[in-house]
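As structure tokens, here come the structures.
Both complexes shown next keep subunit A, but they swap its partner, so subunit B is in the first and subunit C is in the second.
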Partner chain A sequence: MAIEQELQAAVKAALPELDCIIGWGPGPDALRDAPLFLRDAADADVLRAGFFSVNNPALFLPEYKGRKIGVLVKGCDARSVGQLLLEGLVRREDLFVIGFPCSGVIDAGKAAALIADRCEAGELRSVREQGDSIVLEGPDGAFSLAKKDVRADKCERCLFPNAMDADLFVGEKRAPFAELDEYADLAAFEQAPLEERMAFWEKEMSRCIRCYACRDACPLCVCRDQCVAVARDPHWLSQADGIRDKLFFQIIHASHLAGRCTGCGECERACPMGIPVLLLKRALSRRVETLFAYRAGIDMQGRPPLLTFSLEEPRIKERDW
Partner chain B sequence: MAVMQGKELRIVGFLCNWCSYGGADTAGVGRFAQPTDLRIVRVPCSGRINPLFILKALTSGADGVLVSGCHPRDCHYAEGNYYARRRLEVMRGLLPVLGIDPGRFEYTWVSASEGQRWQHVVEEFTKQIHALGPIGRFPDAPELASLGLGAG
Partner chain C sequence: MRIGVFICHCGSNIAGTVDCAGVAAQAARFPDVAYSTDIMYACAEPGQDAIIEAIREHGLTGVVVASCTPRMHEPTFRRAVERAGLNRYMFEMANIREHVSWIGKDMDANTNKAAELVRMAVAKLRLNRELTPKSFPVTKRVLVIGGGVAGIQAALDAADAGLEVVLVEKEPSIGGKMAKLDKTFPTVDCSSCILGPRMVDVAQHPKITLYAAAEVESVSGYVGNFSVRIRKKATCVDWDKCTGCGLCTEKCPSRKSYDRFNEGVGPTTAIIIPFPQAIPKKASIEREFCRQFTRGKCGVCAKVCPTGAIDYDMQDSFVEVEVGGIVAATGYDLMDWTVYEEYGGGRYPDVITSLQYERLLSASGPTGGHVRRPSDGAEPRDVVFIQCVGSRDPSVGRPYCSGFCCMYTAKQAILTKDHIPDSQSYVFYMDIRSPGKGYDEFTRRVQEEYQAQYIRGRVSRIYPSRGKLVVCGADTLMGTQVEVAADLVVLAVGGEAAHGAPQLAEKLRISYDQYGFFMEGHPKLKPVETNTAGVFLAGSCQGLKDIPSSVAQGSAAAAKVIGLLSRDMLESDPQIAQVTVSRCIGCGKCIEVCPFKAIQEIDLRGQPRAEVIETVCQGCGVCNATCPQGAIQLSHFTDNQILAEVEALCRF
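Moving on, here comes the complex of A and B:
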């Protein structure tokens, strides 16, 4: 694909100035690319960037703070980078951001379900993009799927497919699929009465195995080994295998991301049990957007809303007792 | 006022040391009778309150949570309550998504001299929680439930 080759050339040109460039390379199966850390020009030949480059490379940036790093970003990844910059978790002068137009990424779960009667994802020999569809080479020959049928949900509501604030942008910027994120998923969820919502979480969280993959995949969960989920003091979570502790971890995660979550959806993608954990974070993002007109990773002026205040809060309606 | 009719519920109050705790004390010294459902936790400042306190209480069996601090512009530490206002207001948005009625959580401002206002707030909030009834619980861990050792 042309963009991929252009990116490979761009990476080769930029690499001598940088310690490392983070992009994507061949993954565990044909449907998924994996993060790739490029250190010399030969690595660039296996670089991939496109519909299968799901992982958010912003995840690795805080660890590299202080070193000169290049990073390939989709629109959503760029928002994470923006939020990390705003919070001072990475420094702009350390980064070389390479953007490209993103036409959405695959939801490997959706694709695996669609091809289930033909083969498993691991049996696919290769997969490539072709316009609005993907062509898969299965054990019994080639077949194709429409991109829109296997695209991740987050991409349908993505407003920023082109990386903002990139040092280098390869390719033509494209128009977003959506004009406005109206939080339709949340609105639909809130049609159900309160008891049903509680029952929903009880059912979903009963599958949780407390692997914390959601946390480890989150580019803004920067506490790493200091996470309160595993701390004895304060002891927020017990080791008990109950829904309450499992759900409470999700509450902690959502609350620590309030006003910070850019909706990249990595938590939900990383979940091996398919629990819709992004929904809680989106509830708080919607709240922050209504109260403070702030969207993480986009509105880069001033301080993040929860790290500041104003004497009068025009949008907060306090209760009159 | 006597204990409200029916079963007493559990309401947790987080009160700042300087204004609201003093206000509750003033109400007590003034012998303003109040419902007895509220259990008070004294914190240094409303800005000390981690929004997770509220959710921890509500998911661990509290039927309601009341937060009270100094009036805006009156914080002992000048600005703690401004941060608290933003955090609490954001966190309230999570309750309905979890299936918890947002009316189970309120925050307000009561100064140390406002004993009467404190009485009014407690009465109103207790009524509100009684109208909502006992909170729905997420079940205990299976082992704990079988041993009858679950919290609460």
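Moving on, here comes the complex of A and C:
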């Protein structure tokens, strides 16, 4: 692919100045790339970037704070990087950001379901992009799927497919798929009465196995080994096996991410139990947008509203002056 | 831990709807409770003694009192446990009066709720730690904001007691409303004759630094050590050079400027000395009227000024002062009466405000003390006064009584007769409110000796007719309609908090009520304190009041500041935030949110970490709620303590 080769060349050129470049390389199966940490220009040929590059490389940046890192970013990844920058969790001068036009990423679950009657994902020999389709090489020969049928939901909603604030942008920027209301599905969900929604969450959370993959996949969950989920002082969460503590954790996660979550969807993707945890976070993002006119990770001049103190919020009229 | 629990009856206040003995019996079974009893009045001396005795007798190490709001008595009980040898923070209070007995009548439900609140308090107390305050030095200087009669009094009293005083007044002269008054009730003595000398005292007092035409820009710090930034507004006149000769005001060609001091009764010049007795007696330019600014050329005042004091390029400048205490005395303003369509909504020139009338009566006013109505300059014969304009009127959002209008209306009716012997005054009133020494006699005198006609009722309409203003109203005592053809109508416009008072309150971090008046610490027992330590109130900024009360409150506020600053060291409140460095990841979020800039970044072996500056932290807890790690905790209100309370309440 032309873009991929251009990116490989760009990476080769940039690497001498950098400690490491984070991108994507071959993953566990043909449907999924895995994060790739390039230190040697000779390895650049395995670099991949495209429909299968699902992971958010921003996840790794805070750990590398203080070192010179190159990072390949999709539109959503760029927002995570932006938010990390705004919060001072990484420094702009340490980063070399390489953007490319993202045409969405695969939802491996959707694809696996569609090919289930032919084979399993692990049996696919190769997969490649071809315009609006992907061509899969299965045990019984090649077949193709339309991208739109296997694309992640978040990509359908995405309004920022092109990395902002990139040091280098390879390829042509593309327009978002649709100018739709990012939160239409959420609004529909919130129509349901409170009891119904509570019942929904209780049912969903009953599957949670408390693996905290959702937390570990979140690029903005930066407390790492100091997370309140495992801390004993303060003892916010008990080890009791019940929906209460599981839901409590999700609510803590969502509120710690309020005004910070960029909707990259990594939490939900990482969940082995298929729990729609992104919905909770988006509910708060929507509130933050209406109350503070703030969208995470976009405006480098902006101030994350819950990380500042001001006496008066223009949109929250507590007083009449 | 050995906890003692005391359930107060508060006479029948609590015991009336809560089974206090029952609560005490339940509390005896709560974890770590070694002693539990009910008690008639916990705060009274026998009550406090009983607590102290129980601590000694039962070897208690912590105490819970379930009674009223901690606002009032937490300090009382803390002192009591301290007298018995405990650390004062080994004490918790459960509010079973305001939160229970006063708001519900169901004995069972109340008893149950009271027991739950006690259970929470016990759960928290079990995690309390002994805390010790630190002491810090105080700055022996006081800031007084507002140079009305209340602020002047506070400044003089504090200065006479030896404190340095910084007085900030937003207008170019001190004096406030009293400087605008002609005479004052109930003695009808000349206002400027009694205020003037006080103003001169302010100017001459070696301990007082006066910044007129200045405002408080920002306040940081805490009791004993406030840092205040004062904005000195550009007057375009160098006050170090200005001698107050007034040549500039005589020569200024712009003669149509709004005269703020004279309440717009007649115009003034663009360069002004607000009134002859002004302190400081310095000129200042009102840019919106000055031709140098509006037309880009003029320069007359600069030419005539013998000392070369005029500086059109002057910019606002700032001074920083350190003070230990602050007195807010920003007074009041009149409400905007033009919302009243029935009084003409501002369209009739001969419907004026009471304060404008004071200027017409005053010998130093624009008419030289001759009462002339604005429309044609004629002397009025029939003068109608309407009381309660914008007072006691919920329909315009002013349900409160302004307090002084009944009295000043009577005064003005008397003065009208003095000025124009063949005049007749009519006063439309709702009630006559004249408590105060000599006040009721005064309102009688105006009716009996000065033949002012008092009509009880409201005015429904004023309309012009043949050079007169016809005032239509009801006489509710006679049950009739009345119409008076008046030459002049004077509205006793009610007061409201000074413009900008809420914004100032935010800077001072004090509360204000829905009308913008500053909130006192306690409506009865702390009338001049606020809930922010070191900030006090004087005069009508706290609620409308007349001159004697304003002066009294000015002295009271001064006494409080003098008391505060008589100490060399103050104790800091140990209920502040603390960082557990091992948990802190140095993300700096707490630094961003702290409203008091009380957190700084430190370097720990090459890693950034947060550190709380103990004396600056106010214990507001914003950082605590922000820190994702729970690394920053509020002493005495740690996450664990709050969780323990929640757990105690939400047992499954």
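Definition applied: the second predicted complex is superposed on the first by the 309 of 321 C-alpha atoms of A that agree within 3 Å, B and C clash if a C-alpha of one lies under 4 Å from a C-alpha of the other, contacts with A are read in each partner's own complex, and residues count from 1 in each chain.
Here, contacts are C-beta pairs under 8 Å (C-beta built on N, C-alpha and C of every residue); 3 or more make two chains touch, one makes a residue touch a chain.
What you see is a predicted model, and the numbers here were worked out from it, not measured in a lab.
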Three-chain arrangement built on subunit A, subunit B and subunit C clash or fit: clash
First, second, both or neither for A:Pro176, with subunit B first and subunit C second: neither
Contacts of A:Leu284 with subunit B and subunit C, given as first, second, both or neither: first
Partner chain(s) touched by A:Pro219 [first = subunit B, second = subunit C, both, neither]: neither
More subunit A residues in contact [subunit B versus subunit C]: B
Partner chain in contact with A:Ala258 - subunit B first, subunit C second, else both or neither: first
Partner chain in contact with A:Phe309 - subunit B first, subunit C second, else both or neither: both
Which superposed partner A:Leu89 touches (first subunit B, second subunit C, both, neither): second
Which superposed partner A:Trp236 touches (first subunit B, second subunit C, both, neither): both
Part of subunit C, among the options 56-64, 380-388, 434-442 or 506-514, whose backbone runs into subunit B after overlay: 506-514
Subunit B and subunit C contact sites that coincide on subunit A, given as residue numbers: 236, 306, 309, 311, 319, 321
Sites on subunit C touched by subunit A in the complex: 502-503, 506, 583, 585, 587-589, 592-595, 622, 626, 628-631, 633, 638-640, 643
Residues on subunit B engaged by subunit A in the complex (per definition of touch): 51-52, 55-56, 59-60, 72-73, 79, 82-83, 85-87, 89-94, 96-101, 106, 108, 117, 120-121, 124, 136, 138-144
Complex interface listing, subunit A residues touching subunit C: 87-89, 222-224, 226-228, 231, 233-236, 256, 306-309, 311, 319, 321
Complex contacts: residues of subunit A adjacent to subunit B: 186, 189-190, 194-202, 236, 240-245, 247-248, 251-252, 254-255, 258-259, 279-280, 283-284, 286-288, 291-292, 305-306, 309-311, 313, 316, 318-319, 321
